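The structures considered in this document are given below.
Below, chain A partners chain B and then partners chain C, in two separate complexes.
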Partner chain A sequence: MGIGYTRRRLQARATPFLLLLPALALLTAVAGYPLVGAARISLLQLRINTPEKFVGLENYRRLLSDPQMLQSLGVTTVFVLGSVTAAIFLAYLLALLLYQDFPGRRIVRTIVLIPWALAPVVNGIMWKSMYAPNFGPLNDVLNRIGVLSQSVNWLIDYPMASLILAYVWKVLPFPTLIILAGLEGIPHELYEAAEVDGAGSLTRFRRITLPLQRTVTLLAVILMLVDALHAFAVVDILTRGGPADRTMVLNYAIFRTAFRYLDFGYGAAMAFALTALVLVLTFVYLRAQSEAALATAR
Partner chain B sequence: MRRVRRAVKLTVIYAAVAVVLVWALFPILWIASSSIRPQYEIVATPLRYLPQTITFQSYRSAFTDPAFMRSLRNTVAVASLTTLLALATGALAAYAFARFDFALKRPLFLGVFLIRMIPAFTLAIPLFVTMRTYGLIDTIAALVLTHTTLVLPVSILIMRTFFENLPTAYEEAAMMDGATRLQAMTRIVLPLSTPALMVAAVLSMISSWNDYLFALLFTLSKARTIMVAIADVEGAFYVDYPLIVARGMIALIPPVIAALAFQRYLVRGLTGGALTQ
Partner chain C sequence: MRSRWWGHAVLLLVTLLVLPFLSGAPLQAQQQPLVLRVLDEGPVGNPWAKAASEYERFTNGRVRVEWISSPWPGIQTRLATTFAAGDTSIDITKTWGGWTNEFWPFFQSIDDKWPARQRATLLTYALHPVTAAGHIYGVPRHVTLYYFYWNKKMFQEAGLDPTKPPQTYEQLVAMCTKLTKDKDGDGRIDQWGYAESMDVASPMLNTFERWLYRAGGDILDARGNPVFNDRRGLRALQAIYDLIYTHKCIDPGALQLGNPATRQVFNAGRVAMMSMWGSGWAEAQDPNRASKDVLGNVGVTILPALDPTIVRSATIHGSEGYAITKAAAQRGVVEEAWRLLQYMTSRAVQLEALKTRGYMPPSLALYDDPELTRDPALAPLMAATAEAGRHPVKRFVWSEYPRLEDAIESELQAALRGRKPLQAALDSAATAVARILKGP
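Up next is the complex of A and B:
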């Protein structure tokens, strides 16, 4: 490093801030400022075409005593836990399959990625067509193989299960990729050594794969939890929260309150409740990630 | 004995692969096949999986519907502008994070990361109120700015990781020869970073193209995007089933092709964003 270089570095003290300026300006205007705005709105009574009124913590008080809110929290818990459990379980099966060495593996890995690229709206339209009571393939196939004897109106009779299936179908590639990357990061020698010591494949999976995959699995779980909490389009297309609010997840309840009932103040308070939930998960994620970084550094 | 075991193993694997392929492809093939037949065939019993009569009438209707075509043009415009803006601003920011030490670096980076996690409605409610006040509702610009902000954190993360792994020697040599920082970055670092730029571009394009929530809230008719257009399926008198799925197919194809074309890079970018920090 010459003296000229050092001097240039000193002169360049402002450079990083200039480089950051456009991105930070955007992030501040479209995310930072609204975040403050949302906090403000959550303290107001703000409805379309009526003057705004400061009501303090009234919206939050209402949140805690709102029976619909409690019901929505229950629905959200079922949707999120159901989706994440199913997605992680299936992702493990899929990742273990794609981890195997077989001719054609690359093309299968590519095809499996396709649902991830689909828009949630297209996914919703597609599953609506799959679930159609009279002309849908799901009923048809189940009738033909004798599981059902008559057609089921999936979105009315089993709205939550139908929603979870449609949602999991689309997001599955993401946890699969994460878990697969984790599997491929485990050194082969470990398996070989265990095999020499006489460990069967099940023992190797339980004693080597699962323990080493702990952090990777945790990361996948948290990313999926956050994603499931944000599900919106698929709900809007398939059930609109119905029937009778049985699929009214929190995110959709916020949409209804703010943009259908045009009650922005209360909607903002609900959105903050969801934000708090997501932030807690984010901090768990960050801690897990620094743990993972430490583990790879070792 | 080993060969027999290998053969058994492969049989099991291919059986599982068959199940996986049906799972991943059947729903898509189903709407693809529904989109190229006449309405009467879809409502006929028993249900047929392959079209008896192939017709592209639904695609023709979609491509000749001025409102749908406008939504398609809007989506192309929003997605391309978002991608360009996210790449330009994101590359500069990522370069700053990768190559400089400066005050507030860690909190700023954490802030960028946290923005990715904020629930959409927390931003959408105040943005909607503000945009309504300033007459920005139903403009392409409103959507581009929102989408860019949403995709920026991931773009920055991907490009920063890539820049960090790039040796600094080339830039230093260029700057010794009198190039400025910006020149060193645009002429040397960026051309070497094509894979990262591609991943960031494809991810930005797909997120913008597929967005429904903000497009639904911030547009009415003028700036309406394809996702809002195809979600609006209730016809006045009857539901034109093939048309609905044909429009869905049109909305599906660009992001899927983009994802497949850049599949190898994408996998690294997606998991890299989650697994390395």
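Up next is the complex of A and C:
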């Protein structure tokens, strides 16, 4: 219990921090510096052809009263909720299908991953061609099978639905994989016992699969929410936020404000608002995860 | 053993340090090439990039051109971030009127290099892309206008004279209606009379402007107030709306078509007439792009009048050029940049850009060049350009062009989708524009 002991204890406590130091220094340089820089810019009136001026929280105040910002928030809510709901629902269907034992299952599982591997820009260009009013395959197929009597301007008449479809098609493999991994982790004996007790497939799904998949589903939902909030390429290529700002999601509105209108200060404030939104979601996710871990431990 | 290695290493180091002095060629004295950094599209398929690399050989390696490649929309972003950050990594940038008006405080004025006699050798509007606030900031590289194209074979099939394209709106409507056909009788139109790009990316504002100028209107008046919502603006928008919904000879799908897609439908033989940049001509001559019914059957002329008592024709020009930045001035390379640009926009390069890409030359002299005016592949486009030059229009550009463009287009889209009455949409757009011009 002498000086030697105290020093050893101090060393033992300090070692983890010392080991973390290089990584922390790197993170501070790579992420921290630009973050602080952006925070500074968000407090300025910084436009390309006017002198820099400190305006305090004015840009944040402007956020609350800007009708375009409010509209953009509404559009983002519709896009994010629509995308995530569709993606999780379809991911469940797909995961349940891939969970079944059938010949060629591994090949199908690999094929399902293809959209995820595509570059977002390629996905956007592909869907732009699909939606083309005159020569797009979508109109052509729907016309041929008699669903449509004349071609539809998908990106003009149904811009949000078209955007969600293109986005969900691209990201679907991701929640599918998460949910599939969760399904693989459920002990098979539970299903066998339920079957012996006379439970049908729907009951088994409702009483076994869904409750045991809660954490996994939450994880998929939160990660999808964060991803959908960051959607950019698909918007840029398909609609550029139009027509008439009907698909102007927040992430694209930030880009437009900062790099098209060259209003960097306000753009930075908008970016911080989006970051705050993502942080809240991340916090919810971490909280849910720790609660789930506690429940498992009990 | 170890000490011998050390000995060798020290000897090698000393030799390397001393050798240049012994040979009379100190390392410092070796001349490094002067580097000029150019921001533009390409370099693949860009005739000006090719010229820049030729210039390196022309100077025997004295000048090296570093091509900073960016797609068209990325150039504005790149310039914005570069200038905002105080970065000095661009000496020359591609520009057009919109960007020059936006970024001219970061460009180097070179008025002294453009004496009046030099300006007189160019088309009247050729210097627009490099001019702002009364000063010239660079060199024009090409002019490109919106032209009217028609498919002569489709005209013949419809019983129309293939040598007579429409000259007025009434003629356009009559021909457009006649050329719109359900060829296979399945109840769906498979040949449309006319196409204009109206997608937001095209951009839609350009289409409206072309009709507005032909109606005798303008975006802003002399005092900078929006006037595009007056009766002339309404007439212009009504003309487009009627072609789509009243005469039903423009595919409503055109609202989703940008310039490349509009050229595609024309070159596929699905549309009989279109308004398009000069690239429409180059692509219609290309067997890899145009179908056999289109190839060799296309005519080009100036845009038809909306009302011939007001103006015979008007167009917008997409002239582009290169501006020299203040970073070049700080580095003391403005003269070198000027010499490079002179080379890149020489007669030979203008000709190559015209022949390979359909970019019209800014030099007046080339429009009288017998070699070009007799070339069947170029003569019609040259003639149309010269004719359009007789109806010049000062295209609308402003320092906050993107913001104004978005505000107007948003309302035009709403009007043409039938979501808003035309006049109400124009009024809303004018209010938005006035608010932007007033500033925060």
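Simple rule for what comes next: the second predicted complex is superposed on the first by the 263 of 298 C-alpha atoms of A that agree within 3 Å, B and C clash if a C-alpha of one lies under 4 Å from a C-alpha of the other, contacts with A are read in each partner's own complex, and residues count from 1 in each chain.
Everything below uses one rule, namely that a contact is a pair of C-beta atoms (placed from the backbone, for glycine too) under 8 Å apart; a residue touches a chain by one contact, two chains touch by 3 or more.
Note that the structure is a prediction, hence the values are computed from the model and not measured.
Annotation: superposed three-chain arrangement on chain A; chain B versus chain C shows a clash. Of the two partner chains placed by the overlay, only chain C lies in contact with A:N153; chain B stays clear of it. With both structures placed on the common chain, the touch criterion links A:Y92 to neither chain B nor chain C. In the superposition on chain A, contact of A:N49 is made with chain C only, not with chain B. By the document's definition of touching, neither partner reaches A:Y167: not chain B, not chain C. Contact with neither chain B nor chain C is seen for A:F79 once the two complexes are overlaid on the shared chain. Chain A is touched at more residues by one of its partners, and among chain B and chain C that partner is B. Within the superposed three-chain model, A:P243 lies in touch with chain C and out of touch with chain B [touch as defined at top]. Of the two partner chains placed around the shared chain by superposition, chain C is the only one that A:P133 touches, whereas chain B remains out of contact. Using the contact criterion defined above for the overlaid structures, shared-chain residue A:F259 touches chain B and also reaches chain C. Of 8-16, 62-70, 170-178 or 314-322, the segment of chain C whose C-alpha atoms clash with chain B in the superposed model is 62-70. Shared contact residues on chain A (touching chain B in one structure, chain C in the other): 46, 134-135, 259, 264. Only residues 2, 4-5, 8, 12-13, 15-17, 19-20, 22-24, 26-27, 29-35, 37-38, 40-41, 46, 94, 97, 100, 102, 104, 108-122, 124-127, 129-130, 134-135, 137, 140, 169, 174, 177-178, 180-182, 216, 219-220, 223, 226, 229-230, 232-233, 236-237, 251, 254-255, 258-259, 264, 267-268, 271-272, 274-275, 278-279, 281-282, 289-290, 292-293 of chain A touch chain B when the two sit together in their complex.
Residues of chain B that touch chain A in their complex: 9-10, 13-14, 16-17, 20-21, 23-28, 30-31, 34, 42-43, 45-47, 49, 85, 88-90, 92-93, 95-97, 99-100, 102, 105, 108, 111-112, 114-115, 117-130, 145-146, 148-149, 152-153, 156, 172, 175-176, 181, 206, 209-210, 212-213, 216-217, 227, 230-231, 233, 241, 244-245, 248, 251-252, 255-256, 258-260, 263, 266-267, 270-271, 274-277.
The residues of chain A lying in touch with chain C in their complex are 45-46, 48-49, 131-135, 143, 149-151, 153-157, 239-240, 242-245, 256, 259-262, 264. By the touch criterion given at the top, residues 76-77, 80-81, 83-84, 102-103, 105, 187-188, 200-201, 251-253, 255-257, 261, 264-265, 268, 270, 399-400, 402-403, 406, 409-411, 413-414, 417, 419, 440 of chain C touch chain A in their complex.
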